[in-house]
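This report concerns only the one structure given below.
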């Protein structure tokens, strides 16, 4: 990629239709800017993300993956935070096996109005990925 | 009564008087349209220049010119250095 | 005139196809009731469909209105009469209203029109376009505006010269000058009045010089200039086509002003002006926008934050009363105003002045029913007989009011009011 | 697999096209595999475009459609309906959000926004390529609605639903019904009293046999979802029999030795442990405040209706929809805020309203006659420092109306209003005019320079730099300072967390869309209305209550609901039965079943909610969620990565 002026890291966000999507949409509405190389794939619940999807994303060239978790707001029950956490730790293990820096996968609860916190997370992950020259 | 489709305006003409105001308005528009298009034929012009050329109040030039933009006869061209006035040209 | 009896009787007759009438109709039809909407204009969607973006979320008005409008126009349970007016309604008995409706001819067979606009191109007549609030022209054969529903041509017969040009080019031969005014007799079980509001006409205030000075426009004219289907494709002074730079807003034009006969506050002008100011700063980054106000009434959900946002963007707010406006030779306007903060009279020069015109009642609604049956409030809006417990109730049993027909309100309030009216109408229909 | 896909790219009247080069997006995707046509449009949601889409789908026999426009929250349903009108199964439609997540989020970077939009559309195309026809499940919907909150909004919604023939359970936390309005005396516009309004509604309510009313009742658990909410309600005992003898009860109240602050009067008076708020209140018999009762037994001696053996009850109900009307709290000023809790003659507007009602002939406060009243506006609202940035909407009118009433009822009253700009919007403006004519004095502070309340000797002084007299410093000696307090969200909102109702920036409940769906929440089947959603006056609350009633009714009126067929599926061959999925499922939707030679997991389709929690725990990757299969997600990732 020599010669290309890379300004931001490519980040895949697993967001959720009822909870974090509204927050991400609202970030747009409020013009809270974040890197345009952040892409979302929306699913019903953050506890449904499969490790293989995350690994697939790294394989295909994503620099970072972020799970915008439902947290305690999950419409499917309180166990969500814990379950999403387990997905992350399991995947971190798999990443280590494949020599992928585990810090490239992050998760945080993003409630339906957490636009600012979403943007903060994106900026911070982006900075981390750029600083540690993951890309 | 048998009325031919596509020529029903003739039917209404017999029943309804077109007002003088409507006739005058149409004539006036045709005239102004013609003069604006002719003026722009020669060169691209700003509203200020058109006003002088046509000897018409500025706001009327805006009204008619922008209508002609809407109808696809004229298009907006560059803006001046002060970003204040656009010039207008004929649409090819 | 043809007198047609429309045999189908309806559960609800909704008068007015704006956002309130539309919302009420949708609520009713989605619960299984048959609805007839009577709309005076050529298309439905009322004033909302003509707006640019809406406060305080800044989403585009058309994007919210058009799907509702298309749902309304497509619903098999809703019949729509456009270009039609209710001449009178008589309450015969419980659950029984009879209405006389006049449908003026469109001179176009609506079902056959494809909206191709060839007639528009052929028409030699140019008149002021009322949907662009007279900023530019339109033809006498015309489609009201690009997102109109139905998107069907009409002939403006008052200005038509009957030249026949449109008819010659119409590919589907749908132009039909033999159409005549039709009269319908309609039966319905309940009535929803959603006749909306009128805008204050600033010609009533000569000291502002509207009409005389061409660079003074109304807020609705600015709204059009900011809308996606805008007349100039950019923002221009109508007086000379200059891109404005110093823009002034005069709030409370025709509101809170006993001298023009309207003592009440219009509830929306502060917010739409603040919204326009924000949009203008986006469209013209160098522009300098000043809002002259008496009190800023940003009272609704998210409004105060929106006002703060405008201040943060650099919109100037001056607490001041405008005395008079005069024009300089270059078309700029001199505003003479009393600066309340400093208690002195000042002058300021602006390129363009926007008069934030207020909301007036649409007095058509009073004439719908026989003498005085439908009571009006002191400001000539439809009187709410039980405003606290049943805000949609009117002085006639079975007749409900929705939206700005009962007073000034913004879009969310209109929609909630329409929800209340349809809810009461449904109860009325179910309970018998 | 070889789909014919139609792609529509929306300008959104400039909302998208001002920042995203829509034509460039079109060119970049028109040659994607399967794309048969790619068009741009000013308004994808407009009628004309919808018609065109239907024609396109029919004429070209398209079997996949993508619209790239605003958030799917707004128009996913709109375009699914379009495909259905064109006789194409609606699950062959995929929505791409290039407004909230591209043009708006990156309006600072047009090239970046365009690049992102291209990827988003490509991933939608990737998904639609794999889409399959699905048919919605139908589930029964219980024709009953639970209304939480028995204030004016809740009562009014209950009556309306009852009118529509829908059974209602009305659940009120307090022991008496009527909420805040019962606490107000004469109301603006109609001049009826709050008590009269509440009584009118109550009398209508109790006539109806399809409304069940619980007071002293709280929802303590919620299971289920739209169509079938199972609520547990805890009902506190009143310790008084329903068939009580009013005469002896009053004696029993008199005999009670307990003296505690009366919340109904905002603590300006005291009440007994056995009490009612006002004699005609509903339900029309008192309650024993067990927290403060000393069990001295005095009341029991006098009145046979007192019954300390009553027990807390827990009942279960089943409803198809829940309507929230939980109201607001009045803002309580901080200690020292404009002298509150420092100077004994600084009170809040609600307290003031109670004092007016409880006073007779002369306005007496703490033994002294009140003549000069200073009203300080925007206390707790439009805060300069604090968190409450919003305007509370009702307070200007309420304060002015109270001031006018005060002058009408009592002699020699002088009203001084310390405002931040009066907001008597709409017809309420006439009230402001009346007050000015009445001789009330209005002063206005600068935005960041609020008035100050201080003591000088034994006098309370309010000082302001007044805008209206050009920065003149003005002072008023006040006998009473009334803090015009705004509305804040309920401090105890545990019921909202049971239902996971989202809150907005102002911490009030949030609707899905202020204009499109103003009484719905993102939690299906739950509607909101009244002041729990944000400050409102009575009329506005009732308008929203009636709207919410109509909406809740529409969820239950037909007796059944269509649900998305998005559920988990198990690959029999891959399943080796370990039980991990059963543990992961929060809904008990998975069972073990013997099939042929082995045990496998089986999904109960009508119980599965499609959350996908069982997916990642499966060691053999045997579970997929319909429409979110490995192939779909991974092909979307490929498209986004490309």
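Labels A, B, C and D are assigned to the chains in the order they are written; within every chain, residues are numbered from 1.
Convention: a residue touches a chain if its C-beta (ideal position, glycine included) is under 8 Å from a C-beta of that chain, and two chains touch if they have at least 3 such contacts.
Only a predicted model underlies this, so the values are computations on that prediction, with no experimental measurement involved.
Student: Out of A-D and A-C, which chain pair has the most contact pairs?
Tutor: So, comparing the two chain pairs, more contacts are at A-D.
Student: Using CA atoms only, can you tell me which chain is the most central one in this structure?
Tutor: D
Student: Cα centroid separation between subunit C and subunit D, in whole Å?
Tutor: 29
Student: Between subunit A and subunit C, what distance separates the C-alpha centroids? Give it in angstrom.
Tutor: 45
Student: Hey, how far is the Cα centre of subunit A from the one of subunit B, in Å?
Tutor: About 57 Å separates the centre of subunit A from that of subunit B.
Student: What positions in subunit C touch 2 or more of the other chains?
Tutor: In subunit C, residues 57, 59 touch at least two other chains, as defined above.
Student: Two-or-more-chain contact residues of subunit B, please, as numbers and ranges.
Tutor: In subunit B, nothing touches at least two other chains.
Student: Multi-chain contacts only, two chains or more: what residues does subunit D have there?
Tutor: 504-505 - these are the residues of subunit D that touch more than one other chain.
Student: Thinking of each chain as a vertex joined to the chains it touches, would you call that graph a line, ring, star, complete, or other?
Tutor: It is other, because the touches fit no line, ring, star or complete pattern.
Student: For a test of understanding, state which residues of subunit D touch subunit A in their complex under the given definition.
Tutor: For this pair, the touching residues of subunit D are 71, 73, 97, 99-109, 112-113, 115-116, 119-120, 123, 225, 500, 502-505, 510, 522-523, 566, 584, 586-587, 609-613, 615-616, 621, 625, 628, 630, 633-634, 636-638, 640-641.
Student: Would you pull the subunit C residues touching subunit D in the complex into a rising list?
Tutor: 27, 30-31, 53-54, 57, 59-60, 62-64, 66-71, 73-74, 115, 146-147, 149-151, 227-229, 256, 263-267, 295-305, 308, 319, 340-344, 377, 379, 386-392, 407-409, 411-413, 415-420, 422-424, 426-427, 430-431
Student: Residue numbers of subunit A touching subunit C in their complex, please.
Tutor: 29
Student: Across the complex, what residues on subunit C touch subunit A?
Tutor: So the residues of subunit C touching subunit A come out as 57-59.
Student: Give the list of subunit D residues in touch with subunit C in this complex.
Tutor: Per the stated touch rule, the residues are 11-15, 42-43, 45-48, 50, 70, 74-75, 78, 85, 152, 156, 160, 163-165, 187, 189-190, 192, 197, 200-201, 382, 389-391, 393, 421-430, 433, 467-471, 504-506, 508, 514-516, 518-519, 533-535, 538-540, 542-551, 553-554, 557.
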